[in-house]
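Two complexes follow with chain A in common, the first pairing it with chain B and the second with chain C.
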Partner chain A sequence: MLRYIVRRLALGLVVLWGTTMVTFFVARVVPSDPAARWVGPRATVEEIARARQELGLDKPLYVQYIRYMSDLLHGNWGTSFVTHQPVLKDIATYLPASLELVISGIILAIIIGVPLGVISATHKGGLIDHLSRTFSIGAVSLPTFWMAMILQLIFFGHLHLLPVGGRLDMSIQLAYPVRRITGSYVLDSLLEGNWTVFGNSLLHLVLPAVTLAAYPLGLITRMTRSSMLEVLNEDYIRVARAYGVSERRITYWYALKNAIGPTVTVVALTFAYSLAGTFLIEAVFNWPGLGQYAANAVISGDYPAIMGVTILVAALYVVLNLAVDIVHALVDPRIKTG
Partner chain B sequence: MQIRNLKVAFRTYGGRVQALDLHRLDVRPGEILGLVGETGSGKSMTALSILRLLDRKAEVQSGEIIFQGEDLLKKTEVEMRTIRGRRITMVFQDPMSSLNPVFPVGEPLVRIIAAHEKVSFRAARQRAIDMLALVRLPSPEKVLSAYPHELSGGMRQRVMIAMALSSNPDLLLADEPTTALDVTIQAQILRLIEELRAHINASIVFITHNLGVVARIADRVAVMYAGDVVEIGSTADIFRNPGHPYTALLLQAIPRLGQKRGTLPVIEGTVPVVTHPQPGCYFYPRCPVRIERCRVERPEAKDLGDGHWVACWKQDGRLPPDNSEGNGEV
Partner chain C sequence: MSVMDISSGQRRARLAALRYDLYLLRKNVLSMAGLVVVVLLVLAAAVAPVLAPYPADAGTQVHMSQQLLPPSWAHLFGTDEMGRDIFSRVLYGARISLGIGVFTIGLALLIGVPLGLVAGYAGGVVDEVIMRVTDVFLSFPPLLLATAVSAMLGPSLVNAMIAIAIAWWPWYTRLIRGQAVSLRERGFVEAARATGVSHLTIVFRHILPNAVAPVIVQASMDFGSVILEAASLSFLGLGAQPPEPEWGLMVSLGRNFFLTDWWYVTFPGLAILITVLGFNLLGDGLREILDPKTREV
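Here is the complex of A and B:
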């Protein structure tokens, strides 16, 4: 098992290297003048030229790439052209907010999606099944920004139940400072026992998390339903029935363990996808996360930031894929690692 | 156990298909009853009906299945659960797919024993080990924690048999338990069942399409055709004096050593799919000795003596003298 993990991680490095290569050159194909942005709006032509030299943007592309890679291997992810901060520091600032959002969204999707898919399968063709299928197709196909706005309209505009955006009320943020431990307000306030901030940050999390959960929820429900349907037709399920095992144990124990594989894959992939792809949700809910940071970086030709976010997400894919395979091997003894 | 006038139909897109129209089937205490017939004749349906495990498309229209004085068809689902796996158990055809691939074989086995015997998991585990030893599995403790894919087909079927016997059932339904196995393994499993007869108090319904197997282990034989039993009697009676032309044709299809080579006789045609129940005998289209009455009137089972019942108007089972021999598989 350990050898397998090491080998997979080594292969993952190759993937990462390929990713840096592609991203580096593709990002530079887009016309943009980062040097001008670096020095600010009122710079002279000479200043811009000097900045270009400082940043190494005057060198041939391959030289720039080799320099970037050598820095990267020494742990230096470069400095953002926009924030003038080390990219790694920027990521450390924005990542926790995104993680908080994505993790809560995915957990919500799992908690609702798996049971819904199971019930849908055990009541195939029934009312619940039809409703859940309509619901899951809707959840997958509705545009997220539209759904975000509709939710705001209802829960903020009409019902005045939930905040429209942000991670905390400004007044609370000023009156109750929270020590930064994980970077997630919900977790940090919980660890500190700061109930005012905890409650307020939780309220702020509801709408963005629900919006984010929609897509994975639809996928998880459909995936769970179809693999459950397959498993419930297997002989060993009938054998379990023939031995008087209760339907509930058959469904949630003997069948679900067989059917959970594809769902695990979907969860892992949507997780990685959501982390960088939540730009629209973050924009609508004014959530200062990685998606916004990445989108800004692309718009302003902030090469080091683009590279940083890409490498991070690619690494996440590598690790999650490995995790999925390990989970599969743990669930199903027929799958051999190595 | 007695089955009377059991009618089961399937709803299909092409309409209703009469899968079972079983007039009479008795299983005596402690006997092995061989249930034989072609594919689609309703053997497995009969077993699944007894356990009430037919799938949703099947519908029991009428009849009764009396087991120890009670009609199983009138039981609630909860009552059935206390009967299934405890008083009536079943061994299925394919041991490869009968065991859950992601659990060690002991998981369901121990859990089922614990639930039915109302004992602790530790006691259930010991009982499971004893049962695995009883079915001659080497190092039963290892087998208990092995996953199905680590066992051979024969070993898996032994596990299934151990599971079926663990509750000391009154009735064991064995649905072609040797069909999916290699010939040598088949022989081993049959030997095991013969050896275990002393330990088993249960009646066994042994479903098969292999007449050789029936001749070897069954006390009585019931022959099914198109959803009904056409002949039932002691194994000796059935093999020596078949009363139904279908039985006689089946027996002729067994190849024998020492006979001159040639093509084995076959029974022309296939088992009919009954979408529109007819008044006559279902075997009429394939029957070599049919008479006009067979077409218009369904033959009722008649007792030829010694519990040998035949549903045929002619009842002597004598065939026109043109057939020779067959291959033993229906």
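Here is the complex of A and C:
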């Protein structure tokens, strides 16, 4: 077991190192002239030459890569062209808002997706199954940016029930300042007992979280359905049934416990995936998170920021993947670890 | 029995299997719905110039007197801020979306398939290196990598498609490598090697035709996802540029008007949803039919 974990960790490190190669290549080699981008459109030839020297772009590629790696490892991820702050500091500022959004979206997706997948499997071929399958395929086919606008149109434009965007109303933000503890307005206001901010931030969270939930919801429903179908055909389920165990207990206790593994994997991977996908949602809802930071960086060609976010999310993806594999190996004796 | 007989017998068996597949597909209501959507989309793309009431509106046409008109018989989906007919633009958009699917997946296949074949056939260090590179690319969420590459290449539809293909090829490499590994040991490959056929010929003339079927199926299933990603990039301003009637771009341009003029973003967005849904439903049905575990009447 230990050998398996060590081997997976080593492999994870190799992949992680590979991602830095890719981001290096994309940031330094693909753009026609990074130095010209660095100094901006109105720079003189001398300024560009100086920038090229400062950035080390006149050095051979391998020297540039070594410098890039050493900067990365020392926490020097470059300075954003737009905010003029170190990229890592920017990330720390914007990340909590995104985490708040992604975590609430995924929780929503689990709460709805798992029962829906189970019901779909126990009623295979029936109306509920057809509806839930169409629903789950529909959820992964939705252009999130469009769904976000349609929700705004309905719930803000027509029903006047929910705010159109942002994390808090401006007046509330000014009248009730929240001390930053976790960076999530919902959690921080709850911890402080600040109910006005809590209610308002929760209202602001509804539409973005629902939009974000769509994609993971589709995946979770499908995955739960298919692994439940497999488990429900097993002999021990038939035995439990023969013993007269209630159908509800069989489904939610014996079957679901054994079917939940693949769903856990999907949840872990969609977490990182959603963090990457939030920029479409955050842009529409004016949600000041990592995604909006990345989207602005993309629009303004701010490549240190783009690469910072890319490395962070890719690293998270690798680490989550690794964690899932190791947890599976620990809990599931059928996985060969030799 | 001559060689001809065997091959015609095999062909007949293959045709029978194919007919059975089609029968299973017809029985699956959702997949049939998907197939209908895809066929309609192809038709719409093919006859867009005939069907579109205002073909010139796909371009830079401006009708100042007809700005942001709500849907009516004259303009089924209303008009945009330049007075262009949104229905005509959505129809022309079908051409762009199909083009995106074909070009992007074609490019991803062009990169992914040879790499997978070489990895699977050569084995050893070559295999190890290619597959670890593949792992690295797979460790990026596809939309993230596509966005980063496309941001670096500069905003244009062609660059967006290249960027998506760069994020997409590893899936095909992985798939075809698995096929190549098992084919490598088969009799006909060994026979070819024994008669002194070059490695290149073996890989492309003998292994490729036998390994390509699952990749083609997977590629056709990926159409929906690729179209959705391209629309997302266009929405961010990285893909299609005005005045192209690309659906994602239309939704993006409509953002300034959507609370007052709902039709502007609604119809192009619906076009994306229905198209992607069509491909996904069809793909889902194909997957069920081809997977022996779920294949049943």
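Going forward, the second predicted complex is superposed on the first by the 279 of 338 C-alpha atoms of A that agree within 3 Å, B and C clash if a C-alpha of one lies under 4 Å from a C-alpha of the other, contacts with A are read in each partner's own complex, and residues count from 1 in each chain.
Criterion: a contact is a pair of C-beta atoms (placed from the backbone, for glycine too) under 8 Å apart; a residue touches a chain by one contact, two chains touch by 3 or more.
Just so we're clear, the structure is a prediction, and the values are computed from it rather than from any experiment.
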Under the stated touch criterion, which partner chain does A:Val245 make contact with: chain B (first), chain C (second), both, or neither?
first
Taking the superposition as given, does A:Val331 touch the first partner, chain B, the second, chain C, both, or neither?
first
Tell me the contact category for A:Tyr65 with respect to chain B and chain C: first, second, both or neither.
neither
Pick one for A:Asp235: touches chain B only (first), chain C only (second), both, or neither.
first
Which holds for A:Val14: it touches chain B only (first), chain C only (second), both, or neither?
second
Name the chain, either chain B or chain C, that contacts more residues of chain A.
C
Which partner does A:Gly157 contact after superposing on A: first (chain B), second (chain C), both, neither?
second
Flag every residue of chain B that touches chain A in the complex, lowest number first.
51, 53, 80-86, 89-90, 92, 94, 97-103, 108, 111-112, 115-116, 147, 149, 160, 163
Could you pull out which chain A residues touch chain C in their complex?
14-16, 18-19, 21-23, 26-27, 30-31, 130, 133-134, 137-138, 140-147, 149-150, 152-153, 156-157, 164, 230, 272-273, 276-277, 279-280, 283-284, 294-295, 297-299, 301, 303, 306-307, 309-310, 313-314, 317-318, 321
Which of the residues in chain C end up touching chain A in this complex?
29-30, 132-133, 135-137, 139-141, 143-145, 147-149, 151-153, 224, 228, 231-232, 235-238, 248, 251-252, 255, 258-259, 262, 265-266, 269, 272-273, 276-277, 280-281, 284, 293
Mind pulling up the chain A residues that touch chain B in the complex?
234-236, 238-246, 254, 257-258, 331-334
